[in-house]
Structure formats: C-alpha cells, structure tokens
Amino acid sequence: MDSTLFSYLDYAVYGTAVIVMLIGFYGAMVKKSLLKIVIGLSVIDSGLNLLIVAIGYYKGGTAPIFSQGFLENFKSVSKMTDPVPQALVLTAIVIGFGVTAVALALVIRLYRHHGTLNIDEIKNLKW
Amino acid sequence: MNTIYIIFLIFLGGAVFTYFAGKIHKVLQDILFLVSILVPAYLFFANVEIGQNVNLTLGGISLSWGINYFSWLFSLIVLGLGSLAAIYAVGFMKGEKRRGYFYFNFILSIMAMTGILLSRDLVSFFVFWEIMTWSSYLITIYNGNKVQSIGIKYFVFSAIGAYAMLMAIVMVHHITGSFLIGDMIHAYPAMALSMQIWIPIMFLMAFGVKAAMMPLHVWAPGAYSNAPMAYTSVFSGALSKMGIYGMTLVLVTMVNHIPQGVWFREVLAWLGGITAVIGTLWAIQQDDAKKLLAYSSVAQLGYIITGIAIGTELAMLAGLFLAVMHALFKGTLFMVVGAIEKQTGTSNFTEVTGLIRKMPWTFLSALLAIIALAGIPPLGGFVGKWMLYESLITSNHYLLVIVIFFASTAAFLYCYKFLFGFFMGQEEKEWAHVKEAPAVMVLPMLIMALFMLVLGTFPGIILNPINHGLQALGYADSYKHLWDTSIILNSWGNKVVLQPILYSIAGIFLFFIAFLTWKGYKNTRFISTKDISSSGEVPKEDENLTFSVGFMQPFYRAVEPAMRRQIDKYYNAFADGLEATFEFLRRIYTGNGQTYAIYVIVFVVVMLLFKDFLF
Amino acid sequence: MVGTPVLFIAIPLMAAFLIPLLGMIWKELVRIVPGLVLTYLLILSINLLDHVLAHGPIVEVIAGWGPPIGINLVFSALSGFLVVLMEFLGLLVWAYSYRFKRNVDYEPALKYFLMLMMLITGSVGIVLTGDIFNMFVFIEITSISAYGLTAFYKGRNSAEASFKYVMMGSVASTFLLLAIMIIYAQLGTLNMADIANKIHLMNPTLKIVSYIFFVTALGIEAEIFPLNGWAPDAYAEAPGPVGAAFAGIVVKAAVYAIIRYTYTIFDLSGTFNFLIIIGMITLIIAETAAIRQEKLKRMLAYSSIGQMGLVMVAFGFGTEEGVFAALFLMLNHAIIKSLLFFSGSYLTYNSTDKKISEVNGMSKFLPITSLLFALGAFAIVGLPPFAGFWSKLAVMTAAADSNMILIMALVLIVSVVELVYYLRVVNRVYFYKKEADVKPKRPTVNALIVMITLGAIILLVGFYPDAVTGLLHKASAGLMDKTQYIHNVLSVR
Amino acid sequence: MEEVLYNVLGAIATFLVAFVVGMTYGGLNRKITARVQNRKGPPFYQNFIDTLKLASKKSAIHHGVMQHFGPAFLMVTSVMSLLIVPVLTHNQWFPNLNFHGDLIFLLYIMVFGPLGMALGAGQTGNPNSAIGITRGLSQMVGYEIPWVLALVALMIQYHTTSIVGLMAVQAQSGTWLMFSSPFAFIAAVMAMLGMFSYSPFDVVIAPAEIASGPASENGGKYLFTMMSSGSVFAFVKLTLYVDLFMGGADNIVILLVKTFALYMIPVLYSLTTVRYRTEQSIRWFWGWPSFFGLLAILQAVIF
Amino acid sequence: MINDKNSQKIVDIIQNWARKHSIWVLGYGTGCGAIEIPPTMTSRYDAERLGVRGAATPRQADVLLITGYLTTKTLKRVIRVYEQMQDPKYVIGFGSCTINGGMYYDSYNTIKVLDKYLPVDVYINGCMPRPEAVLSGFGQLQKRIAEGRADGAKQYKENLEWYRANQKKIIPNWVMPEYNW
C-alpha cells in the first residue's frame, strides 16, 4: 500500500470521526426532540471514541497483546499500536452507555410528566 | 489578663447571656444587660490607661489595641451615653417583645464602638466597624417588616462605605505591608499622589456614611426614626460620632500633610454646611417627632463635619465639643420621644398635645436639650456654636458661615415645633391618663440635661479632654489657660465670658419670674387650656383646637422650590434601574437545556477565536 | 501512618456496592453504614493530613506501575485539605439527610445513600488523582451520581433539571476527553506531573486548544458562566442536603481540577487573567441574577455560582496570597453554603415551590434554624466576626497586592448586591407574617446537630481564624510550588 | 462685691433709661402714625399710661408655668442684650457687660426671648398664638440672613467680632461704618424693618386675623412685661445699630438723636406699605437685602 | 405702707387715672351698631386721642362694647367673653336695643334688657348712636372710672346668682366653666 495513500486514509479516519461528532452536535443542539438529543449525544460519543482509537493506531502496528517472548523481541513492542487509547475508549464507552441510560430514563420521566418530547416546552425552571 | 480583653469578654459574654436570660426571668435579663454595659464602662474608665497597648496576632495579622487621649474623648461619649441609654432602655423595653434581641444588639454595638476606639490597627477597626453596622442594622429593623426597606437602605449605604474603607485598608496594606494605623500614618506622606488622594476619599466615604454626610445621608432619617428610641439615642448620639472620629483622624493625620488637603477640607466643610441646611429644612417639615429629630441629627452632624473639616484649632474644638453636645442633647431628645411614645403610644405631633403638666420632668429635660440644640446661651450648645462661627469667620469662610447660620436659625423652627407639638397646646381628654415616665427613664434624661447646663458655663470640663485629644493629634495648645476661667476666645482675641452671663441670665430671669408670680398672687388663677378666648366659644372637652397640622407651612412655602429635588429620589431611580437591568440580565438563563448546551459550544468557539488574545 | 490514600476510593466504593446487600440483612444498615464509612474516612483523612503536614506529600502508586506510566494518587497539603473538607461535609450531609423526607423509606434511602457515596468518592478521587484520564473517570462517576441525586424527587421539575444537567455533562465529558486525547497524542503520557514536565514540548496551538477544552469541560461542573445553566435548576430541584453537597463537594472538586491544570500542568501566559475574567463575569451575572429570584434555593444556587466566580478571581491573581484567599473562600463557602442549604431546606420544608415568601415569619416556629440561617447569611456576605470576613479580607489583600483595583471595586460592589438579597430573606424570616398555608416542620435532632456544628465552625473560624490559616498557607504554598510537585510524583518508584 | 453692686446699679439705671426711651419712642410712633393719618393721635406718653394700666389690672389668669416663663424669657433677652450693647461710650454709669460677649453672642441672646415667649404662648393652648409664632419664627429666619450677612461683612472687614471693637474702629478712623461699609448698612437696615415687625412685616400679630397672635391669651401683668420688654428691646436694637454703624454716642442727647433718626426708618416705611404674607416677607428678605449683604461681603473681601 | 389706707387711696387715684386714659375696647359687633365703630376710631373722630383703642382678645380688653341687640344665641358668647375679661372691666351698652329691645322689642329671639344679664356701666342711647354719642359715652365711662364708680364687675360678682338665674333662663344648655373670680 502506498504510504501517501495511507496518510490520506489516516486523515480520512480523523475526518470521519470529526464529521460524526459534528453530526452528533447537530442533533443535540438543533433537534427539538429529547430522544433525538440523546441520540445526538451518543453519536458525539461514538465519533469521539473513533477519534481516540485513531490516535492510538499507526501504520503496521500489531495488537498490543503481551505474549511469550515479548521481552526478548524488543522490536515487537515498538510495532504494537498504543494500547492506552484503546483502554480509554473502553472506559469511555462504558461511561457513555451509563450516561445514555440515565438520559433515557429521564426522557421517559419527562414524557410522563409533560406529555411531550419537545424540549422547548420543558421550561418550568428558568431565570 | 489585660483589662481590654476582660472588657471585650464581658461585652461578648454579657450579650450572649443576656439574650438567653430572657428565657429564665425578665428581671435577670435586665440586670445582666445593665451589668454587661456598666461594668465594662466602669472598668474602661477605671483601669484602662491611656497610651497602653496590647498586641495580638489573629489569622496571621498582627492586631493592636490601645487608647490615646483622642479616642478616650470619644469613649466618653460612647460609654457615657451608652450607660445612660442602657439604664433608660431597661425602662423603655419593659413589656416589649424581643427584648433579648434588642439587648443583644445593643451590647454588641456598644462593644463595637468601644472596639473602634480601641483599635490601633485597621483590621480590628474594620471588624468592629462592621459589627457596629450590623448590630445597629438589626436594631433598626426591630420594628418588623414595615422598616425592612429602610434597614436595607441603611445597610447598603453602610456597606458601600465600609467596602470603600476595606479597599483603602488593603491598599494601605499593599503599600506599607502592615495593618497598623501608625504605620499608615507614617507611610502616608511618602505615598504616590493618587494613593494620597484616593485612600482618604475612600476612608471618608465610610465615615461620611456613618456621619450622615450629604449625599450619603439618605439612610439616616429612616434608620434613626425607626429604631427603638432607647437605641436611637445611642445611634444618633454615639454611633454617628464614630464617623466623626474616623473623619477627624483621616483629616488630621493624613490629609493635612499634603498640599491637596486644603481641597479635601473645603469640600468637606461645604458638604457639612449643605448637610446642615438640608437636614434642617426637612426637619421642619416633619410631623413625626422621630423623623424630625432624625433630620435634625443629620443637620447637627453637618455642623460637626464643617467644624472638623475647617481644621483650625478653634474649629476642631468647636466640632468636637459640638459632637459631645450633640450626643448629650440628641440622646436626651430621643429618650424624650421614647418616653412619650411609651406613655402615649404615638410620637406624632398631630396626635399628642399638651403633655407639659402630665410629664413635667420629661418636659424639663426636653426644654434644656432643645435650648442646647438651638445653641442658645447659657446652655452648652451655645459654646460649640459660638466657637464654630468664630472659627469660620476667623478662617475667612464667610459664605459658609452664612449657610451654617441659616441652618441654625431655621433650626429654631423645628426646635419650637418639637416642644410645642408634644408639650404645648391644649390638654386633651384623650391623654388625660398619661403619667410621667418611670424614674428609670427620666433619670438618665435629667442627668444629661444637667450636664448640658453645666457645660454651658463650665465647658472646660469637656474642652480639657478635647484639648488633650487634639494635642495627641499634634495640635498646639493655645486655648488651654482659658478653661479654668470659663472664657471662650477666638483667634482675633474676641471672647465670651460665660460665668457672668449665666449669673446675669439667672438673676434677670428669677427677678422677673418673682415679679410675675408675686404680683397679684391672690388674684392670679390657673385655668385649663380649654378656657381660651376663641370668640366667646367654649371648646368642648373632646375638641382639640391645637394648631398642629401644617405647622411651619409659611416657611415651607418660602423654601418650597429648594425642596422639590430630593437626593433620595435619584438614589431610588438608580436602584430601580439596577434592578430592571438585573431582571433583564437573568433572562440569559432561558430554562431551555439546549440553549445552555449551545452556550457551551459558543463559549468554546469564542475562546478558540480569541485564543491569541487571551493566551 | 494509619492508611493510604487509596482507601478513600476503595472503601466508599465498596461500601456503596455493599449497601444493597447489607440492606437485605437489616434495612437500617442502609442508613448507618455510609455514616460509619464516612466517619472512618474523615478520621483517616485527618490523620493523613496531619502526617502530610509534618512529613510532606504522600504519593501512592496503584497497581504497581510507578509514574509516569501507572496511576498514582497524591495526598498533599492541598488535596488533603480538600479531602478532609469533603469527607467532613459528606458526613454532615449524611447525618443531615438521615431521615430527610423520602429517606424515611427503605428504597429511596438506599438509592440516595448509594449515590451520595458515589458522589463523594468521585469528588475525592478528582482531588486525589494524579492522572488526567483517571480524573475523567472520577468526574463521570461524580456526574452520574449527581444526575441521579438531582432527579431524586420524582417531580417533573427534578427530571427537567437532571436532564439539563445530563445534556451539559455529556458535552462536558466530550470536551474533556478531547482535551485528554490532544495531550496524549502530543506527549504520550497521562500523568499530570509528567505532562507538566513535558508541556513545553507541545504544539503551542494545541496546548491552548486543550486548555480551553479542559476549562470548558471542568467549568461546567465548576459553574463558570456561561456553562452553568444546569446549576440553578439542579440546586433548586435536588434535595436540600444534595444542594449542600454540590456546593461543598462537587464544585470544589471541579475547581480543584481547574486550578491544578492552570497552576501545575499548563504553562500558558494568559491563564490567570483568563481566570479573572471568567470569574468576574460569573460573579457579576450570578449575583445580579440572584437578587431577582423568587425561590430560595435558586437564590442560594446563584449565590453559590457567584462565590465560585470569586474563587476563580482569587485564583486568577496567581500569587500565593491569592491562592490562600481562594482556598479560604472555598472552605468558607463549603461550610456556610452548606449551612444555608441545610437550614434553608427546613425553612421551606413543606413547600413545593420553595418560594422566598414562604419563609416569612419562620423564626417563630423554627427559632434555631432561623438563627442559623441568619448566621449563615451574615457570614457568607463577609460580615465580621464571622468566618466569611477573613476570606473576604484575604481576597482583598491579595487583590491589592496584585494591584487589581478595578477588580476589588467590582467585587465589593457585587458584595453589596449579595448583601441585599440575603438581608431580604433574613428579614422575611424574622419580621414578616407567616403565610397561612405554610406548615413549618421542626428539624430532626440529627439535622439540628449538623446545623449547629456548622454554625459553631463559622463562629470558630470567625473568632479564631488561626484554626485554619496555617493549613491553608501550607496548601497554597504547595500549589504554588510546581517543581516540587513534579519531583514528588516522579521520584516515586 | 462692690464691683458687682456697681454693675447691678448701673444695669438698673440703663434699664430705666431704655424703658423710658423705648416707651417714648413707641408713643411717638403712634403719634406720628396718627398725624400721617390726619388724626390728632394719643399723647406721646400714651404707652406709659397703657403699661401702667396693664400693671394695675387686678386679676390675671394663666394656663401653666410656661406662661410665667415666656415673658420672663423675653425680659432676659431684652436686659441681657441691653447689658451687652454699649449704650454710651466713655460713661461710667453705663459700664455693663459689654466686654463679656460679642456679636455672635448677641445674635443668639436676641433669639432667646422670642423662643421663650413662643413657649409661653404655646402653653396657653390658643391656636392663634401658635399660628402667630410660626409666622414670627419663619419671618425671623427671613431677616436673619441679610442681618448676619451684614454683620459677617463687618467682622471680616475689621477683624473683630466684638461691638466694642467695631466702635473702636470707627473712633480710630473717624468714619462711621455706614459710610465705609454702605452695603452692610443697607442690608442691616432692611433687616431692621423685619426686626421691628412693623408693617409690612406685622403679619405675626395681625390683630383681626389671629387676635394679636402670641399675646392673645396674655393680659395684665403678662402683657405689661411683654410690652416693657418690647420697648427696652427696641431701644437695644436702635442702640446697637447706632453703635455699629453710626459710631456710637458719647452722651444721651446724641444717642437720642441718632436712635430716633434710625427709628424713623421702620416707622415711616410702615406707613407707606401694606401687610405681606409670611412667605412674601421671607422672600423679600432673601431678595434685595441679602443681595446687599452679599455686596457687603464682597466689599469686605476686596478691601 | 401699701396696706396703709391713705397711700392706697393715692395708688387708687393713679391707677384710676391710668385706667381712665387707657381704655382698650373689645367690640362685640354682632348688631347693626358695629358700623358706627370704625368712624369713631378713624381720622374724623379719632377715639385714640382719648386713649381708646381696640383690643384683640378679651384677655387684654378693659371694656366690652355691645353694639346693638343680642340674640338668645349670641348672649352665651357675650357672657363667656365678659367672664374671660380681667378685672377691672366695664360694659358699655350701645344703642336702644341693649336698653329695652329697641325696634326688636317684640322679637322672640332677642335680649331686651341687657342689664338683667350683664352689669352695664354705661348705656349709649340712640338707634343708631352717632360717633359723637359714642365718644360722649366713653367720656361718661372715663368719668365713672375716675370717680371709682364703674364697679359693674363687682356687682356682677356679688349678684352672680341672680345674673346666672337670668342667663340660664335664656340659655337652656348651660355648659360653661364656672366664674370663680
């Protein structure tokens, strides 16, 4: 594979992540439905996770798994992709899941009380 | 332990114990209250030596407490008037609600004032200043929700002043690295010019608020008139003097050392004069005795400010003597109003009339206090007024002297209105049951009235301590030899010899009283005030012919154009505008969660746009 | 040394998850266990702080990987002080809400105390950790429990407030993660000390961007204007003690995080001025909004926001005095605002709207609560001789020493506004006639003890500030000394 | 002791002279007024007869102790100011207390009486008295302004606040102050119109409207005291003006001539004018008289 | 010395002389006769040259001048005013109405004979009496004063019961302070 092509691809991954995030932001900031907002927030998370994983990857890296003979072959260490972002993404996904769950629970509660999912009408608390 | 600590401990402990003693027994509460005011006062005068200092460190700040001749003079006012007012308060608060609350704050404010006088460093000065403010505020709102806005106005003005002072204090600390007043005074002449000007201005703002100086006086009438009268005598008599105390210190120890100081003094003197005029004009208009006295206090404080601002030795003597006199007579007058309010339930001239025979002792003290207030010889007020005029004239403030003279002449109108409104006029059936106030209330008034009488002829009793105080501030001692012979003298050599004047007045007065009484004694009879020559008509028993509504209307019609503009209105408009702005500002919080999220994005974007500017 | 910092995270987490199990044994244990845990942690933290003050910071390595690779916890004078404060407030909140309103029942009490434990754990973790991603995790723990606590009452308003919080919290976590990732991509490390050591190697633009993202993310928790839209709603709709916990624990942790980034990690030039600017804006907007509030808790919330703005301003001076003042302010704010929330919730106990007018005349029915509320109000506006005065004096002194005269003037003017609205409420409590349909509720004994304790502390600090100033000076010196921090952390193996 | 006795005797003598002169001037006023009105008028000693009659009233009523005090206060004012004002220069029979007080003191002792009288009138309970007093006090505030302006001008010009000092100035320079400080003199004289409260400034005692105002409940000995006091006080005021502006008087004839000449100013002015309302008179005093007072101060500052 | 009878006589002479030449008149001008008072006082007749002068209030007055009829309504006021005056005091009945009712002799509403209610020292006859008559009346009064015969007040005091009885006949609701000289 051509290296320049790969670097384009690299940018493409970053770009995709950013675009996904922007879509998420659009959903969260512009859409009036509570559900769409929650979905937007999740999409932001997904984009972000994609970005993080992309940061940790580099060309030709192997999976960062410790195996037998790891210490003897020092080269293999440098060929591994960075494990830390992956670990972080795992955590972030879990947290994002939790937050989404809470948000959805609240959406249910709000719908029960207000009878609507339009965020513009849920403005009891202001000023 | 040092006496100063003991004094503060008694004050503090006394305040707390008095507050809770009401749960046990009312008399115990009274006794505790008196003990916790009188014992520290006694200890102060008996055991605290002038010039002695105690130092302590609190929160990493070194504090210093002590007393010099100048603050000792003011402690006479605070603790003297405070003790008398405390005795009076016991009578006044009998049967009132929230006694513990009142006593607690009373003691605390006396403590705070004592503390201010003892403070030799700015932090404890400020601390005591604020304690004084809030304790007096709490007493101001004693009467419930109808005085809420008045109390808040008082507190807001005090806070603005106090915060200005706080700014000055920390700026001084920045420059000198110390909070001690002495260090500030030493460092002051070497400061930058802007500091030399701003620091006194900010201090004077704080003191000007407490001293009810125009244009910071608008809180005073309401606060003075709505606090319980037992406290107002301290409030107007002693607490306002703390402003005078601070003002004097700032003017003498700081401002006088720079060439621009003369402007400070001129401006202050004029502000004092205008305050006097405004206070007087409004006092004349009032139908409520408390309001009248409150405005009158503002006016009297104006004279004092003028005297202090002029700053010659005679003027300082005049200002400080007037301060003492004001404490005496205004203390007495507020007590009089309190006694009347206690006995009749109202303090309105249009309702109460003809109490002179019901409350003769109260009337006597009111009469003497009013004569002193009006500055008429032979009472003490005259000495102060005389010195003030002479100092103004000899220091070439010829227009200011007219302003002051106008104010004090117009003061006769409200002086008379006060006496007439309560004591003169027809005796009404409605007030037939009114009795003289209890002795515990009358006695403090009479004691103070006696002081005023004595000070009118022997002002040396107070002028000597004032002289000591002024020497402590670095004044020369050119008048000292006079006090023993009770002569007052101006710097052109003109004088008033007080003793022969007192004797002449007393002699003439007694002679003509004797003549009027003795001549045709058998055929002179007393008739009721209903038996007046009103075109043959006999007023009915329940009919009140006393002229009390619109009392000084002719004068008011003459000065009305000047009174249409009130500073108060401007302040109110400003406050309303502020609140409207705030109401508008808080609409940023729209209540829509999405909007808030957009704010976040906007915040980030703005930060990113301005990042080169910010970082 | 009787324990290690990791216990502050391990024990409460364990307790939090054990609570439901213990509740099966004896229902009362649900309420008792958190108290025991918090008491233990408080004692532990005090002991540790004592040790730290004598012997220098403790840096604990977790899971055997030393810095900069593994996660480490730093218990310095500053974080120790905050931990003690948080554990103490947590204990008070626990004691106060022992049988508070819905907590009388088993099910709500279980949720409540579980989430409270999580909240405290998260906040303590934020303060203790030396790793930025770990901090992110703790922030999320705190946030999620805070969402839950906000929505604790089943009314529609609490759900609304909570949802707003969730929205902003999600956005915050996004930015936080982005910032962490930028730093990691640039420097390849997540350890704070290590980052601080290498920060000069970073691309300057990305450094600024990551800082902005950090501040945005943390600013949402720290209630910086305009990121604080959730705060008044959440404070107003969460149970009263939770409001105290937010003001005293969560916000403090977030502010700690911000100042840690600002002082230790980043070496940007304009950060201090930036803090002053956002602090001032926050202060002014919040206090002006507070004066027009009709609901007591919203007013307290705005006041809280304003105080945090002032803390930001004080940190923005960038001097040791400034830090000292800010820490003092944080301490006072934690104590006093908690007292205000505690007493305020009893003043408006049975009301649904929490209108300010409903506290009218409460002093007749709740004398001690009213007195303590008044004490708190007087203290928070900085009237001597109460605690608030000393911090205000410290702030002013620090400002003067930094020649920030305009800032001083603005802060003081805003203080006057603050004064006005607190006095209005106090006047209502004492001098207005009670509204007919308001039913006062006497505070329970535990609540009363909690409030009196706080009142006593206010008086103690007011009359004897030396009780805390020594500690605060040490903490502020520790924050100022960046190289020592780096050295302490990185030298541990 | 002897000195005191001497002083007292001198004071009594001065008082008698002042009483006689004041009464006579009052009578002459009535006579002149009558002649101007084309009447014969009462004899010039009519005031003596009136006071004698009042003193010989057999019975009297009072409404309380202040009604005794009021006239006594008035007398204190008259006699005290008489003692302060130097009546004749270089005359051992009128030594007085004039070294014991100065102009400011005099200004204050001069309002002592009106206030005391106001109290006495107040206690009678007659609304007319109180109305009269409010008018009187208001009017006093009016005329005090030009009067004090004039006095302050004199004081700052000649650097003394004592009457004796001002007389010494005139003796030294040989010029009366009414010539060397003309504006002060004009202002002071205009203020004097108010002080005498003759028409147009007699709204205070308007007999038909408010039944002679403050005096409405006083008859017999009280009215006698008040009238005597008024006469003495008129003399004091005239003497003061003579001392301040016309160089004082060496003997009684010159004093009488000068005072009478001065006295004619308010008397004649009153004949040509009608009554002002209170606020009108106050505004009048704050108009031209005060302007002249300010001119006087300007003159004093410049020269 | 003062109690000495002769010196008392001298004092009386001086005092009466003073009283004679200083007559302060309180005109009770309800009747039509009041119109004659201004000419008496002003330039043409100038009563002031005799020492006659208006008084503002009864406290200061010497003479109560009742100009014309008194109605049952005004009588009470007149009595009140008279009793408020201070000794020595005199009453002048002015015009025919005060003597016998004059043209109102048959009115149900007027007082016919003033002497029954107040002690009149001098009557001035006429309907109306001209100012000359008024001056002559004052002259008569002065004469009586100088001779010490103007003692209406004394009679009133001595015969108070009789006067009161007459007065109370006219005035049904008698609410007045006691006359207790």
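We call the chains A, B, C, D and E, going by the order they appear; numbering starts again at 1 in every chain.
To be clear about the criterion, a contact is a pair of C-beta atoms (placed from the backbone, for glycine too) under 8 Å apart; a residue touches a chain by one contact, two chains touch by 3 or more.
Remember, it's a predicted structure, so these values are computed and weren't measured experimentally.
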Contact-graph distance - origin chain B, target chain C: 1
Most centrally placed chain, judged by C-alpha centres: B
Most remote chain, CA-based centroid, reference being chain A: E
Centre-to-centre distance between chain D and chain C (centres being mean Cα positions), rounded to whole Å: 79
Between chain A and chain E, centroid-to-centroid distance (C-alpha), Å: 118
Chain D-chain E separation of Cα centroids, rounded to whole Å: 36
Where chain A and chain C are represented by their mean Cα positions, the distance between them in whole Å: 29
Residues of chain C engaged with two or more neighbouring chains: 160, 163-164, 167, 171, 232-233, 289, 292
Interface hub residues of chain B, defined as touching at least two other chains: 523, 525, 527-528, 530-531, 533, 586, 589, 591, 593-594, 597, 601
Overlap residues in chain D, where contacts from two or more other chains coincide: 57-61, 211, 216-217, 220
Complete list of chain pairs which touch one another: A-B, A-C, B-C, B-D, B-E, D-E
Chain C partner contacts - residues on chain A that touch it in the complex: 21, 28, 34, 37, 41, 44-45, 48, 51-52, 55, 82, 84-85, 88, 91-92, 95-96, 98-99, 102-103, 106-107, 109-110, 113-114, 122, 124-125, 127
Touching residues (chain side chain B, partner chain A) in the complex: 586-587, 589-594, 597-598, 601
Residue ranges of chain D in contact with chain E within the complex: 30, 34, 37-43, 46, 49-50, 52-53, 56-61, 207-208, 211-212, 215-220, 223
Chain B residues within the chain D interface of the complex: 354, 356-357, 367, 371, 374-377, 382, 385-386, 389-390, 393, 396, 398-399, 401-402, 405-406, 409-410, 412-413, 415-416, 419-420, 423-427, 490, 492-497, 500-501, 504-505, 508-509, 512-513, 515-517, 519-520, 523-534, 545-548, 551-555, 557-559
Residue numbers on chain E that touch chain B, as the complex places them: 57-59, 76-78, 80-81, 84, 87, 175-177, 180-181
